[in-house]
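All remarks here apply to the structure that follows.
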């Protein structure tokens, strides 16, 4: 039960990898996927071997491979987090206008983002903690949030202070309204449905009531009418 | 394993429905997907809306599709290239929407890039702006243009791989890369399919994400260049 | 005086080349130039040797060279008139969106077009002879007319029927309003100025009154107040 | 003979005026024209409006330009990369315009491509749409965005020739090709100048028409990649 206990207090790297692994498990072959920073970054290395998934980076790469494991990475090749990356055979390189044609034009099958808050109507807040942010920074989050065909969020279920990040209404400024389709946390996998959050899957050692107890929004059991 | 290669043109177009809007690449004969048009002819869909810079040349390809009565409307910048177009249009059997060439490319780009519409000075104050919203921006008249999206894009490229990456040759790009971005289904006719990784990532012009099916159609240096 | 007489009745190929040569003479080194069909097509081969001018074709070529003179032209390389062309060292190939970025974005220094009519306020009519054209075709004319930094027209001074193509108001549908800066004909070179057409140059054997007699619009002498 | 090569960065930027809007290429350190920023520092222009995806890293380049008090405003998507930016912004000494990354690229493209403005769904219903015109298109909310033009663009490329044709390496394209199209004066820093004709016409990414000056700045594999 140590793993389950750890999930209750907030995940370390292994628990974060466990979240990422669940997302990776659910990505079908052939999807084009953009990964945000944080837990989503871990996903690309966890896709089951032999399954072809194309990772896109908004700075102009399609078909990223694993991080370079030698001493001489190509310094001209970085991902959106400015980390050195490699290319798979079949990769392509392009500029920002074509990259955001992919993103805003609905060509990316899936974008997995971190979040500050997700509301049960799919609202996403992940770019600013205050309307009077001392130095706001949005990057490509708003373009991805409205442009990708599906937005999944991968995040800790609660803040370090224990507050629920799955809420009935976002308190932070929105990134986009009504866009999140699914949330992966250290406790559960939840779909955003017309009636709100529906628990799709519970992690080992976690039960529905334990998740509800740590969640601000009302949860629904999948397949059970409200 | 992802493999977008399909053996035959008609097979690659099997699910095209009546009434579809088809983006057709090429400028004159160059980069014009003749084998895929033949596939469309074989496949049988009717009431098509064809988006192409020209209306084809001679009697094969688009002119044949028109002659067979399969085209309800054509959206292009310069249709005066095929006699059959002129006949059908004069007889009221073919609807025509004339769009300036740059506006045609930009409307297709907008559809592919998630742009809801844009303002251009092109055609402001002319017959082609009739009925369109106009706006003065910094003292200059602009015309509002809407995205032009395809149900299907048929394009011609030079090399392709099983993921759908494409390169082009000479002046063969023209409308092909932008049309690839703007349809629900994009089918590319290529001179040859190469191994994945054989195309340098920096040489890819159309990244694989925009391409759904690839058909290998090798052919000899194509048509004699025709001046008109 | 045979040449002058020929100019009065409408130019053959040699006279058309003479018009094109005058335009070519006036294009400075380093300009990016798009040529329409008709007389403008003749200009590229008439640029004085050693002067680097970059010819653009809207189907995706910058840096076109002369027509191929051998038996095996590259069949994949054609200009906007669908004629086989060659490339100069330093040429580039691209797609229609980048080509019309050049054109509509004000990057082309000069576009030389043919015309049906040019009005003395710079209005250009060159795409349609009637509002009820049986099969209208516009191509890239409207984009070029508003986008190039300068529009020059190269055309016969009159129609085959002898009617003036330089008019006080266009009777044909406009391609663009107020865009023509200069007109080269078989009789004269005329600037479009705030007061109307100003004769910049008379061709050999042609005098001002002869040009005015064949021109619907009022002409002005350069440097002479009206 | 056309020759756009200039010997020194500061010389290539000699005529930059106070108050200019400067488009600065790069995404993080990659494709970021450090030598041209140094040239701008040397050259002396003040009250600059800097358009760049990031605000630079560390203390050289853009952070140094900011520290010297030469930047009045920065337009970017993610400025939180340089401590000096955060300090100056908090002290009210630097104006900031935050733009979503895709909208930033598209606004620059619009300026380069003669588009008067466009509609995007990005930022609809958020703080970043405050004060902007919105429009519902096919039942979806869009935000109107205007072109963003530079007086000067400074970009980094891989190879260049005397006409100004450019290639890029790795992820070094990013904002550089689009910024090249959108300024009255475009200056490119390249790793090496090659003979005219040495770049295959099909490999040119930025055609020469968009480039006014080329400065050769060879350097070793650049900066250690920094993750933030």
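Which chain is which? They are A, B, C and D, in the order written, and residues in each are numbered from 1.
One rule holds in what follows: contacts are C-beta pairs under 8 Å (C-beta built on N, C-alpha and C of every residue); 3 or more make two chains touch, one makes a residue touch a chain.
Note that the structure is predicted; figures quoted are calculated from it, not measured.
Chains touching both subunit A and subunit D: B.
Once subunit C is ignored, the contact network of the remaining chains holds as one piece. With C-D and B-C as the two chain pairs, more C-beta contacts join B-C. Ranked by separation of Cα centres from subunit B, the top chain is A. Between subunit A and subunit C, the centres computed from C-alpha atoms are 57 Å apart. One inter-chain figure worth recording: subunit B and subunit D are separated by 33 Å, centre to centre, where each centre is the mean of the chain's CA atoms.
Averaged Cα coordinates give subunit C a centre that lies 36 Å from the centre of subunit D. Rounded to whole angstrom units, the spacing between the C-alpha centres of subunit B and subunit C is 29. Annotation for subunit A: residues 93-94, 97, 100, 103-104, 146-147 touch two or more other chains.
In subunit D, 106, 109, 113-115, 120-121, 168-169, 202 are the positions where the chain touches two or more neighbouring chains simultaneously.
Chain-to-chain contact here is organised irregularly, matching neither a line nor a ring nor a star, and falling short of all pairs touching. All chain pairs that count as touching, in label order, are A-B, A-D, B-C, B-D, C-D. Subunit A makes touch with subunit D in their complex at residues 57-61, 73-84, 93-97, 99-100, 103-104, 128, 131, 134-143, 146-147, 173-177. By the touch criterion stated above, subunit B contacts subunit A in their complex at residues 1-2, 109, 111-115, 161-163, 165, 181, 195-197, 201-202, 204, 207-210. Chain contact summary for the complex, subunit D toward subunit A: residues 27-30, 77-80, 85-86, 89-90, 96, 98-103, 105-106, 109, 120-128, 168-178, 205, 221-228. Across the complex, subunit B meets subunit D through its residues 106, 110, 113-121, 135, 137, 140, 142, 167-169, 202-203.
Residues 29-30, 32, 52, 54, 56, 62-63, 87, 89-94, 97-98, 100-108, 146-147 of subunit A are the ones that touch subunit B when the two sit in their complex.
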